Structures are given as C-alpha cells and as structure tokens.
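Going by the order they are written in, the chains are A, B, C and D; count residues from 1 in each one.
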Amino acid sequence: MTNLKVTPTIEVQDLVFGYPQQKPVLQGISFTLQPGERVALLGLTGAGKSTLLENLIGLKMPQSGEVRVQGTKLEQATLSQARRQIGFCFQDANDQLFMPTILEDVMFGPRNYGMPAEVARDRALALLDEFRLVEFANRSAHELSGGQRRLAALAAILALEPAILILDEPTNGLDPSWRRHLAKVLSQLPIEVILIASHDLNWIGKTTQRALILADGQIRVDEQTQELLKDRSTLEHYNLPPDW
Amino acid sequence: MTNLKVTPTIEVQDLVFGYPQQKPVLQGISFTLQPGERVALLGLTGAGKSTLLENLIGLKMPQSGEVRVQGTKLEQATLSQARRQIGFCFQDANDQLFMPTILEDVMFGPRNYGMPAEVARDRALALLDEFRLVEFANRSAHELSGGQRRLAALAAILALEPAILILDEPTNGLDPSWRRHLAKVLSQLPIEVILIASHDLNWIGKTTQRALILADGQIRVDEQTQELLKDRSTLEHYNLPPDW
Amino acid sequence: MHIPDGFLSPPVAIATGIASAAVIAVALNRTRASLGLRQAPVMGLTTAFVFAAQMINFPVAGGTSGHLLGGALASVVLGSPWAATLAMSTVFIIQSVLFADGGITALGANIFNMGLVGIWVGWWLLQPLQRLLGGSRNRLPLAAGIAAALSVVAASICCAIELAISGTVPLNIALPAMVGIHILIGIGEGLITGGVLSYLVKVRPDLLPGEQPQLQKWLVPVVGVLLISGVLSLFASSWPDGLDSVAEKYGFKDKEAVAIQNPTPFADYGVKGLEEQPIGTSIAGVLGSAVCFGAAFGIAQLVKPKDA
Amino acid sequence: MLKLSIPFRLRLSLTIVIGIGFMKTGAWLWLGIYGAIALFWSLWLRAPLRTLLQLLGAELIFLSLLALPQGWERASFLLLRSLICLLIMNSFLLTLPPHSFGIALKGLPLPAGLQEIVLLAGQYLEILLAEVTRMKRSAQLRGLSGTVGWLRYASASMIGALYLRSLDRAERVHAAMMIRGYKGSLPTDSKSTPKERLWLTVTILTAAGLTIASYGNWA
C-alpha cells in the first residue's frame, strides 16, 4: 500500500463463476496483484484454482464481477491484447503441446507474434537447452516422459517472454532437482507478476512471498507465504497439513 | 531373506529395454519384490521409471531379460493371467479414464471379470465414496479437476481388488490432505506388494519401507526407505535433494 | 470403397474432381460464415476424430466387425453438411496422401462419393426420418443410424456407376458387388452412428440438434413405403450373386482396415481391433442383422408417439 | 542422396502419379517407362524394400479382386498401373521421417482454408491416435472381455467418450494456441526454391509428355 498510484497488474473484483447446472465454484473472489509480486494460490483438490486461473485469462468468462489486466477490463475486445501479456501454463501439460515436435511447439508462440523462423528457432533451442531437452527437440510430445512434457510446456510458455506468468501446478511430475532448478529459473526472469497454483507447500515457500487460500469459493486467507507456512493451525484448518 | 522358499511376487532379471532408434533406457535391471513389501521407485525425470513399470505388466516387452510375476514368466501367453493380478495406475490419470462417466469407469474392470452389474455398481459407489467422488459419479472424466481425476483413476484400479498394486506417481496433483488420506487407504489394503514410482520423497517415506533408485538405466540403490532419506549425500549424489 | 489410382478414366476423374473442388469451395465459404475463427480447429479435430474413431473396431453381428466411416455422424455433430463435407474431404486427402489409401487421381471421385453424395443423402434423409419417427430428440440416433446406413449404400452406387462409365468394370458386375458389400458396411455404420449418438443424447444433449416438428400425417406412410421399398430393392438387386460372392471373396475385410494395418509410417500405432475376432463371416449372421435392421425400422414405426 | 525437402518430394510424387493415372489403358510401352521412373524413384529415396513389398502385396490382393473379372490383358494393365502408383506414393511415405505429416501436408496445393484444416487435422491426428492407443491399452489392462453385447456397448461408449474428450481437448488446445498468439493461420514457410520450381516444371512437362504420348497412335 506504499504506492497507490501504480496500476495493479491483475485486479479481480467480485468474480462469480459456475459450470452449467452446478452451484458456482467461485462465489465472489476479489484480490489484487501488484507489480513485482510472486503469489501462490492454495486450496484443496476441486477448490476451483484452475477455474479461477482460467478466468484470469478469459478462457472462462465470469458470470459476474470483473477481471482487469494492467488496468484494462478483460472482455472479448481486449482479450487478445491481454493474452499477449500473459503466459499461461495449463495443469495438464498435454493440453499445451500440440505441434508435431516440441521444437515447433516452443517456436509456435514467437512465430505467431511475427518473429522470423530463424530467430525463433534459436530462441527455442536456447530454451530447450535450459530445460535439457535439446536432444528431444524433434520428438513429439507423447514420446517424452511425464516430467519432460511438463518442462517442454514451460519452455513453450517462456518463449513468449510474457510480462505476467500464470502457472497451474508447475511442479507436478517434476523430480526434486528440477523443482529446485525451476525455482531458480523463475527467480531470474524479468517478469512483472507470477501467480502459481500449487499443492507443493514446500516449493511455494521457496518461490513466493504471498499466498492466497481458496476455499468454499472465496479467498479466505491472504498472507505472507512464510507466515502462513509457520501458522500450522490455519493450514490444518484449511485441510492443508504441511507435513504431507 | 529369512524365508527362501516363498515365491517372490515380482522378479526382474537383467531386463533391457529401449525405444526404437535410441540407446536403451533400461540397461540390465534386476530386483525382487517379496510378498508384503511396500517399495518406492525413485529416479530423475526421464530415468525410465514409467518405462520399467510398463515392462512389469507387459505393456512393453523387454528386449532381453525377463519378468516373473508370482513365479510365472511374463509372455504373450501368460499376460492376461498376470494382468488379472496387477492393478496398474498410469502416470497420466487421463489415460486411465475412458468410459462416459466415472462410475462406469470404476465398474469397468469388475464387469469385465464377470461381476454382475448390480454388485459392480455397489462396489464402485463404495469406492467413489471413499474418494469423495460420489456426487460426481455421473460426470465424465474431463469435467473433473486434475486431482479428482487422479482419485477416480485410483478408484478404478482398486475396484479390481488386485493382488499387486503398481502406481506411477500416484500423488501427482493431489493436495496434502489427500496425500495423507491416500497413505492411509494404501496401508489398509490387503495387497501383497505395492510398488510406487514417485518424486515425493516425503510421502514415500511414510508409505514404503524399501526404496530403489533408478539411474543410468540401472538400479543403483536398494535400501530401507528411512535409511535412504537420512542419507543426504547419497540422495544429493543421485540429484534428489530432499528439501525440494 | 476407396477407389485406387488407375481405375477411373480421365474424363470421370476430371469431372468428379471439378465437382468436388466446386463443392469444397462453396463449403469453405459457408462454414467460414457460420463457424468463424473457431472453424479450423473444430473442423481439424472432427476430422482427426473421424480418422481415429475408424480405428476402434466393433463387433456388429455374427462375428463381423466393422468400423465407422463417419460422414453422417460428422454432419450431425457439426450441425452442418457443409462442414461435414469439409471434414470428410480432409479425411480422404490425408488418407490418400499419407496412408496411400485411395488414389490421388481418384481423390475427386472419392470425395464426390463419400464426402458429398454420402453426406448429403444422409442429411436429406435425416430430418424427414426423425420427423417420421415422432420428431423427438431421442429419435435422432435411430434416424441418423438409418440415414447413415443408406448414405453409405448411396455412395457405393455412385462408385459403381463411376467405375462403369470409366469402362473399368461393367455395371452389371460393379453394381451388385459394390452395393452388396456396402449394405453390410452400411449396417455397421448405422449401428455405430446410432450407438454413438444415443450416448451423446444421454450425456451431452446440448451438442446435438433439437426437436423436429413431426411430419404431416399423410406423409408418414408414403415416406415409409418409399424408404422400405428402396431398401428392399437394393437387397433384391444384389441378392444372391453379388452379396454371396463378394462376401466370400472379401471375407468382409474392408479395405480401410487393411491399409491402416499396413506397415505405413504409422504402423507403430499398432492399430488393431479391440478384440481379435476373426472377421470371416457367416452369411446367416449377415442375414440376421439385415432382418434386425428391417425389424428395428418397423418397430420404430410402431412405437412412435401416436400423435404429437 | 540429394537432399530434397519433404513438400518438394511430395509434389514430385503427386505429379508422376497423376501422370500415370491419366494414361491410356493398354499403352504398355509408356507404362513401362513410368515403371522405370517409379523404380528409380524408390531406389533413390531408399525405400525399405521389405515393407514396400509387404504393402504392395496386400494391395495386390484387393486390387485383383476388383480387376480380375475383366479379362487378363485389361486386368493386368490396370493392376500394374495401380501398383506403380502405389510404389511411388509408398516410397515417399516410407521414407518420411517421424512427425513430419505436418511438413508433408504443407506441400499440398490446396486453398488456404482447406490447407488450414488439413494441417490442423494432421496435428490432432497424432494426438488422437496416441489417445486411442492409450484408451485401448487401459481397457485391456482392466480385462476387456465378455459378451458381444458388452463389448459393443463398451466400444460405443469409448468412441463416444473419445469424441467428448477430443472436443474438450480441442477446446483446450485451441485455447492454448490462442494464448500463444494464434490468429487463424499456422506459421508455415513452404516457399520452394527456384531450383525446386525448375525441377518440378521439368517433371510436370515430362509426365504430361509421357501421358499425352500414350494416347498417340505409334504402332
């Protein structure tokens, strides 16, 4: 609250969303993400984390309430502009990889934004190298192991050099050393805001400074990650036992 | 080694397997699982854990070496008999769910093995209840959250009441309280052998007694889980930092 | 029924090619208007789906197994025969180019038969049939099943005529042979289309077109008699020599299945039947399913709501 | 072997096949010339002989059923002509590196709208085929067996589920593409080089020449 004049990067107000023929999953969500923040989104299985993230990027449109990205309200007309800013990584890496080879997959975004093939290729190869996937560059996604697929999906997102990064359970399927490496990669990126849905309390303790808990369709807790992780009774109350 | 006369539940000898046009992923794997054991299979992303597990159930056939399930060598002729004994849970829960609704998915196995529809239905509902999915019984798998899908896949496998349980990263996408609950469920099952590939060192510390580390195509470590978890230098050596 | 290269005379190949190209052009225009930017992915997926679904083999009856061709199904789920024409044309293009299934020079004819005649006959039959059966959405699967079966047969008639005009096979041989085998394929097609749609009616009714107003009363017997006599005459023309000999020779192993199991670059997908049933067939089973087909049609007539 | 781009190889194959397809029936001499070209093509591409033979064998059975009722002379011409076409196409297919459908399909001379659908279908195809395989695998592991009725029900359900799943999948994949800047056309670059254009023209002229010549009265 030191600088009220900065436009929040993401602003969500009274967002309500439900799937057809069900009671709403999100029942009035409000929060604000300021430039520079690294934020975790916690919550039980089925709490609605993925649903919320998909609302932030206009993959789902709220039944009421609104989402603002860098000050602009998210609507059909502003969608492509907002998406240009956001890198979004799906919970299921398979949804992300759709080109014949993972090299083409990583090149896909940059190419769409008009980067010449050669330049895009070099950037893609550099990223694949970072994720130690260069030797698999010409394989299709289903010829990779689960963890490698996750890494390829991350590379494809980072190739866009987004201003905002939204990750849905990025450590799913990664081994401990990759979790460590990913934390390092994320800490070095020149990115305005990172929002991460995760069940990996340990990992978010090392990568985020602020944590939100989503329960019963609302943001129930909004605290410093470190404080929250020490507060065992709150965690237990939201059924997030920290030793598991 | 107290009782040498017991037939090992699973016996793998000099197993070699490679994907076409690549150097072998598994280069001579040997180990034995005795009745009553709960074993973890560790290893980096791309180490070949999933590949090894799929060899145990004949989804892939070794290029050399052999696999014995309850004393019988795994071959085309003995495959269906062996599979009748084994419950196998894929790394990707989507692979497991293919029927229109998850109720039918859970009923699928029992129905194939000749259980009358009514009985199968009751068993399926009981299992879905255990995994708190009853209210979603008539949904199709892609209308569930990632974690719920994982749980449905587990229910579908447990419905088979297998003698041997092989799980490929079962805690992927589960929240901490489900990880805790799953550990409890597994500990109560009357199952001969459980083999679990996982990256979740903390969780396998609580669910298994023995751990294998797969690296460079071979089983490099075969130790008590508790001992291994205390042995930080070995873990670091295999690039499995325990704090991540 | 994929016609290979070299079996059509240039005039026939060119004429059907031009006809198909024209229809594709119109279809592109129509679907772009109705589906917008989403068109390409949705079409691409439906196409791929038809392709993939062709690989799940089905026990039909009496030991036969068949698989989907998918034209009628595509037009129902896409809600437009134009879109379905595009999807099916794409299937044939990919099949001929990447699977060597169906000739390059015969591509126009293959699209014309299965992607055009097949789809439009099915589409035109669909709504009258659904109305004939009472118009409710629950009748859609049956109506679509029958329409799908007949559309396959219609396509095969075109195919026979083209072969005859090309001077490749005389009509008196081609017609009974093609029609005979495609009655069987059509039955399978009808069962699968109906089955998939009944499933969709159950779980995702929103994807399917809604109720149809019922036909004028006096039309019911007329359309019914026309359809039934159409079906019967097809049987008559093909029985006994066509059906019998073709069944014996081909063992009902239909061509598409062969091509996909061939060692093309995709052989590693290891596409086989769900269950390894021998595909050789007893004629009795075939007859049986033909009778069932007729019976189902008759029963549907009886159970339809008295008036709506 | 000279390195030819995949779309170019496809275009060459298509040109020759179309030339053969339109030949006059019974023009044995010209068919022989085309046959020689086809053999040269498959040797040059180094198509694996065994697989090629298996494949042609399987086709031969089917084709002969269609052609045999028409007398030896005609039938054998039709068969041989079809086989030569198949030889060319299959030589191309069997030497295609893995995951290059997309690239190959880009070589097709199609209108833009259709090209887009074909490319996307090619893409989804690989995803879906993998999915079908996995569904079947999983069904088998859980003991798929039983009466015909049950099997029929199970497989109809699986096709239905496959459709819904692919639809859902398509929506997600589409979303993933939109997020990464897709605006209705895939980034493709299949511009052929001048040299390729020259060779293609030569091939087209040769094929046209041979085919037209087959209609001439040379005897």
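The rule is short, and it goes like this: a contact is a pair of C-beta atoms (placed from the backbone, for glycine too) under 8 Å apart; a residue touches a chain by one contact, two chains touch by 3 or more.
None of the values given here were measured: they were computed from a predicted structure.
Visitor: Report which interface contains more C-beta contacts, comparing B-D against C-D.
Guide: C-D
Visitor: Mind checking the centre-to-centre distance between subunit A and subunit D? Centres are C-alpha means, answer in whole Å.
Guide: About 40 Å separates the centre of subunit A from that of subunit D.
Visitor: Averaged over CA atoms, how far is the centre of subunit C from the centre of subunit D? Could you give it in whole Å?
Guide: Inter-chain centre distance comes to 22 Å.
Visitor: Which whole number of Å gives the spacing of the CA centres of subunit A and subunit C?
Guide: 45
Visitor: Counting only residues that touch at least two other chains, what does the list for subunit B look like?
Guide: 100, 140
Visitor: Residues touching two or more other chains, restricted to subunit C: which are they?
Guide: Counting only residues that touch two or more other chains, subunit C contributes 199, 203.
Visitor: Which positions in subunit D touch two or more other chains at once?
Guide: Correct list: 98, 101, 122-124, 127, 130, 139, 144-145, 154, 157-158, 160, 162, 164, 169, 173, 177, 183.
Visitor: Dump the list of chain pairs that touch, please.
Guide: A-B, A-D, B-C, B-D, C-D
Visitor: Under the definition above, what is the set of subunit D residues touching subunit A in their complex?
Guide: It comes out as residues 98-103, 122-124, 126-127, 130, 169, 172-173, 175-183, 187, 189.
Visitor: Going by the contact rule at the top, pick out the subunit A residues touching subunit D in the complex.
Guide: The touching residues are 57, 59, 80, 83-84, 86-88, 90, 92, 94-96, 98-101, 104, 107-109, 111-113, 117, 138-140, 142, 156, 160.
Visitor: Can you list the residues on subunit A that touch subunit B in the complex?
Guide: For this pair, the touching residues of subunit A are 19, 43-46, 50, 91-92, 94, 143-148, 151, 169, 172-180, 183, 199, 201-203, 206, 239-244.
Visitor: Subunit B touches which residues of subunit C in the complex?
Guide: Residues 199, 202-203, 268 of subunit C touch subunit B in their complex.
Visitor: Which subunit D residues qualify as touching subunit B in the complex?
Guide: 134-135, 137-146, 150, 154, 157-158, 160-162, 164-165, 168-169
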